[in-house]
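When the chains are written out, they are named A, B, C and D in that same order, and each has its own residue count from 1.
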Amino acid sequence: MEVTMTHYLVLAALLFLTGMTGFIVRRNAIVMLMCVELMLAATNIVFAVFARAHADGGGHVFILMNFAIAAAEAAIGLAILVEIYRRRRTVNVDDLKALME
Amino acid sequence: MSFITDHILTWVTFLPLLGSLLLWTVVRRDDHARVFALAVALADFVLSLHLWFRYDGPGGQDMFTEKVAWLFGGKINYHLACDGISLVLVMLTTFLGPLVILSAWKAVTERVRDYMAMLLFLQAAMLGTFFARDMLLFYVFWEAMLIPMYFIIGIWGGQRRIYAAVKFFIFTMVGSVFMLVAILWMYFQAGGMGLEQFLALDLERQAQLWLFGAFILAFAIKVPVFPLHTWLPDAHVEAPTAGSVILAGVLLKMGTYGMLRFAMPLFPAGVEAFAPLMSILAVIGIIYGALVALVQPDIKKLVAYSSVSHLGFVVLGLFSLTPLGVAGGIFQMLAHGLSTGALFLLVGVIYERRHTREISEFGGLAHRMPGYATVFMITMLASVGLPGLAGFVGEFMILLGTFGSTTLDHPRLLTALAATGVVLGAIYMLWMYQRMFFGKLTNEKNRDLRDLSVREYAVLLPLVVFMFWLGVRPGMVLDRVEASVERVLAPLAVPASPHADDYPQHALGGGTADAPVFVVHEGEAHR
Amino acid sequence: METHANETLLRWIVLAPLLGAAVIGLLNRRLPRRVAGLLACATVGLSFALSVVVFLRMLGLDPEHRRLTDILASWVAYGNLRIDIGFAMDQLSAVMALVVTGVGFLIHVYSLGYMAHDDGFRRFFAYLNLFIFSMMTLVLGENLVMLFVGWEGVGLCSYLLISFWFDGEANAVAGKKAFVVNRIGDFGFLLGMFLIGVTLLPHLAPGEGAFSFAVMQHHAPLLAPVATAIGLLLFLGATGKSAQIPLYIWLPDAMAGPTPVSALIHAATMVTAGVYMIARMNFLYVLTPTAMAVVAAVGAATAIFAGTIALAQNDIKKVLAYSTVSQLGYMMLACGVGAFAMGIFHVMTHAFFKALLFLASGSVIHAMSHEQDMRVMGGLRRKLPVTWWTFLVGTLAIAGVFPLAGFFSKDEILWKTWSSGNTVLWVIGFLAAGLTAFYMMRLVSLTFFGTNRASEEVRHHIHESPATMTVPLVILAVLSIVGGWVGIPAFMGGGAHFEHWLEPVFAGGHAAGTHGAAHAVHDTTMEWILAGASVAWGVLGLLLGWIVYTRRLAVAEAGRRFAGGLPYRILENKYYVDEAYDGAFIRPGYRLSRTVLWKGIDAGLIDGLLVNGSALAVAVVASVLRLFQNGMVRFYAWSITVGLTVFVLYLSFSG
Amino acid sequence: METFLFWFCGAAMVLGGLMTVVQRSAVVSAVWLIFAFVAAAGIFALLHAPFVAILQVLVYAGAIMVLFLFVIMMLQGPVLEGERRRMKPALWPAVAIPPLAVLVLVGTRIADHGTAAFTTPLPAGFGSPTHVAELLLGRYLLAFELISIALLVAIIGALAIGKEERKLPWK
């Protein structure tokens, strides 16, 4: 069977859903961040697919942007986690209910 | 200087904002913050003087216009402009600005930097509201005012400050939301957010009624019109002095300004349908506010309710739909800004010394604080509309305008009822004054009160001077406002001749019966 | 409406006292007491001198052109509404100006002595000067609004001066009462002005000020259809300022102020402002017989009503106060029957003798160590000779004894009432005249005759007042004697100069106003008879008063106990009018405001039910929604997922 | 060949993703994620995006994941431990249904409409570093600069948050 655009997109969707589900299921904040990275990677694939489909390099540029965003997000997210861990001795989000109220 | 004068409105509006940003970022010490804020406010006042002296729109049109495409390729613009009506209110704002900052010199000791920054931020938002000629821009400024006021009440307020702040926020927010919906609806009709585009719309009557309702709700809450006024006493009582002064002095005028600038010219059919209701509510507000003020044990609450009463006059003047009534309303806005602003400052003075505002705690203060008593007396008299002071001219014009209104159902009855507010105003003010200042000094705690300090005189005397000045020379405001009022009222097309028919023709020598009541004589408007 | 002569001195007549007030008020303690006092007197003296100068200039003009104007600036100019800051003097305001500044000057001088030891000396003179300024604005105002400015200004000064000794609760309350009651009158005044404005504004030529007296007079025909309404509304204002029924209640209480204030403001000048205003608006009142009838009736009723109350008062100043109310009733009566000139004549003579009486009573009070109750006075005749003689002159003048000032004015008022056909009003006026004589003599008897009933210590301090106080008394006494001679009526062979002087002002009034007089026979015999009757009646009252209260005190006591003392108690308590107002308006109003409006509607209905009710509704909804706000990040993520899924499904099935 | 590579890389990615989610230990999860990212690089290569593919390995699988591992190591104990309890079985459907619904939807769509192939021919050098660099420093220069600012802010932010006891130079 020939590999078409649809194949790539379905692959991206699968990855995204996996990441999404992981984000909900996992309690470990670090793993949750990793799931976010997974979702970002899935969207990157979609960008690449459409860059290929339209023969437009703009999609690639956008992927690069996404990399930067992902890096920034990881940096900040992890910094926050470290700080939280220092104060609360846990990174289990179920124990972190400060958002409540 | 031309780089300032060419963009004078932007400078006037954003100078305080710039100041507040600098306060947050650069200035570190409290005493520096005070001086810096005062300097910024004074500079803003000086800049606005440029407007005052250069404004000479003979047709009352906008001047100093600045228009830059903002969003959606020019459908929404950064559009500031200034006509006579905006001008006088802007002057009031920039004039009160430095005084308010000076009044908070010692009263605020916590987070001074933030406080000053909030005041400047608030000033920028208010000025923007008066200048905006693009509905989205207007709405942005309008909502931006809420934020600093919310914090001023919520952080530096009294005992129940959170309740008051939330109440204030929710009340005003509820009205604004409806207005936003109306603005958006009209945006899609007009294809742009410009006020002039909105004015050019020819809306159906039914649509006008709904839209007018949405607009007027937002403005009526802000004014506040009876029965939407209950947030006001709470907000005033809990707000710190400077907050009260700004709230009473300028913020309340946003409501009446909005009615005059937007709600009334945009929806003539709505005005026609709602004017009777609004005028009746205004009259109820006048009497009701005065009666409730009468029984208040707390000075600040008394002054707050007196605001309800005074702004009832303004609303009545606006909805008389006569140029005289409307101009009187504008004048009353200024007069009220001065006198009530000063009253709140005076309450702040005594509160700083005694930390109470219960009238029963005082008595015989005139012995210890003759200067304070004198300034209080003058302010009170301005507030009750004594001729020669600012309050009289506005009330006189409003009542005369309402009396001759052709659009209201029972203009004379309404005027008569409103005029009872003048009597009641004297009663509650004088009674309060008598209980506070006259009699023997019985309360031991008042034994060692100091009279006004130099700084407090510096805050109050400019206000007193302007109370006299406006009272004796109202022309300086009226001349600048007159043509703009005609312009704003033009879409309403009020039938001009009221009671000419009541009079026997022979008495007039015939022929002159259908002369309009309030006409601007040729040439006179161009003074 | 012709061009009027310009006279820039007018502004200085008005502004000189203001200048004095400003300097004294601003410098206050930095100004030595003597300088402050002299400055105050000097500025008022200057006003008086200038008034005389202008008056003399006026005499040189031909009667038709005796109207001088001085426009300072435009005050309000909006559309075709024009109000100028300007002054005008015609014959009527000339009389008033001379009386106000003249009497005012004398009272200023008197106050130098009376207030010499008061802490608030400077403040007092600042207020007093401010009052003269306001009063002159009222009198010389070129238009009705300027008059109103002065009107409010004198009200303010009255308030400030009544509560001058603000230590006392009563003084402060009285001051507030005066201001508020006057404000009720102003309510009518304002509406009257609005009615004039709305009626005239459509018909004015450019540059005409709607409220200018000249313009109003010129356009009087336009006002004819609404003249009754305007007249009654303005009269409501006048009842407030001139203490007529039903708004007279503030004046007796106003006696709480220093005595010179009572003399100047609450007897000689301010309270006559209502009469002046009605005389000034005579061109309007002659258009409306209804309003005129009301004015006359209220005036007559007030005259007799206040006279009866005065019978039973024990406070020396209260008696004089009710006597003032009664005399003001006479003036209103005169205006009401169209005899405006006589009303003004009485204003003038009354200013002389009533100022005299008050100042003399002030001298008595001064001597009695600030005791005002006549029951503890008596026998002061010998100890205060100047006061005694001048007081006697004043009493005779007010009782209408020939040939003192009061006779001419009062007699003329009664005659005009009679000749206009208002017999009932004449009877009332005539009775009131006798009452006046009786209670004034009662006052004199209790104060100056008999034996002194004061305590030993007070008696020890009794002394005649200093020259600054007695000289004004003497001058006023002379004026009380000769003041009426400018208006000796024609039937006595006089020239009726006063009436002729004012004739141009009231020309319209005489043409149309004295509707009754037009067909009444001008019978000099009748005039003689009536004049004789009223003098006899007055003398009878005086004698009765003297006999009852000096020789036959038992008769007085019997009178007091007549019918169980009930009539006396009613009079002593002023017919319980204050209590009635209190019960009918003030208390219910307060209670309504407090319980119904504030606690009920504001806190209960609007805040409780609507505002907090909707807040409660929001809270209920929110408590449901809060189940979703559980602070669990993963739950939020799940919610987003569900939302997103639903959105995607919706998109794919809808498209 | 392309077909084979797609299925190979795709399977590897899905496997990597699933294992990331399923593994109890954060370290193991991270390793599986690196695996998935490397596979993703293969997918990028297949999509004619060689430059992106290289960066995916360098930046993502390299730098970012090293950062993750570093933090995990730094925090040690609790992170390395597995999660204490599993989700309640009752909640499984709630979690599973939305993604499954989407998958079903996608499936039905494909069944109805078939698949779409790439049709546009690609120019020579598409996706090469030269090509991407031209775009990045030309048409998208502004975005490039903005993202650099975003990164700068992130660096400062991370520093500010991570610095112990608020010993920041400006405090």
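As a convention for this text, a residue touches a chain if its C-beta (ideal position, glycine included) is under 8 Å from a C-beta of that chain, and two chains touch if they have at least 3 such contacts.
Since the model is a prediction, treat every value here as computed from it, not as a measurement.
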Message: Farthest chain from subunit D, going by the mean of C-alpha atoms per chain?
response: C
- request: Please compute the C-alpha centroid of subunit B, do the same for subunit D, then give the distance between them in whole Å.
  value: 57
Query: Any idea how many Å lie between the Cα centroids of subunit A and subunit B?
result: 52
- prompt: For subunit A and subunit C, what's the span in angstrom between their mean Cα positions?
  reply: 87
Message: Quick check: how many Å separate the C-alpha centres of subunit C and subunit D?
response: 92
Field: For subunit B, residues contacting two or more additional chains
entry: none
Statement: Residues of subunit A that touch at least two other chains are 20, 24-27
Message: Can you pull out the residues of subunit D that are in contact with at least two other chains?
response: 95, 99, 102
- prompt: Hey, which chains are touching each other here?
  reply: A-C, A-D, B-C, C-D
Query: Which bits of subunit C are touching subunit D when the two form their complex?
result: 638, 641-642, 644-645, 648-649, 652
Statement: Interface with subunit A, subunit D side, in the complex: residues 2-3, 6-7, 10, 13-14, 17-18, 20-21, 26, 29-30, 33, 36-37, 40, 43-44, 46-49, 51-52, 55-56, 59-60, 63-64, 67-68, 71-72, 74-75, 78-79, 83-84, 87, 95-96, 99, 102-103, 106, 110, 115-123, 126-127, 131-132, 134-136, 139-140, 143-144, 147-148, 150-151, 153-155, 157-159, 161-162, 164
Task: Enumerate the contact residues on subunit D facing subunit C in the complex.
output: 94-95, 98-99, 101-102, 105, 109
Message: Using the touch definition from the top, list the residues of subunit C that touch subunit B in their complex.
response: 73-81, 85, 145, 148-149, 152-153, 156, 159, 163, 166-169, 171-173, 175-176, 179-180, 183-184, 186-187, 190-191, 193-195, 197-199, 201-203, 206, 221-222, 224-225, 589-590, 592-594, 597-598, 601-602, 606-607, 610-611, 615
- prompt: Considering the complex alone, what residue numbers of subunit C touch subunit A?
  reply: 629-634, 637-638, 641
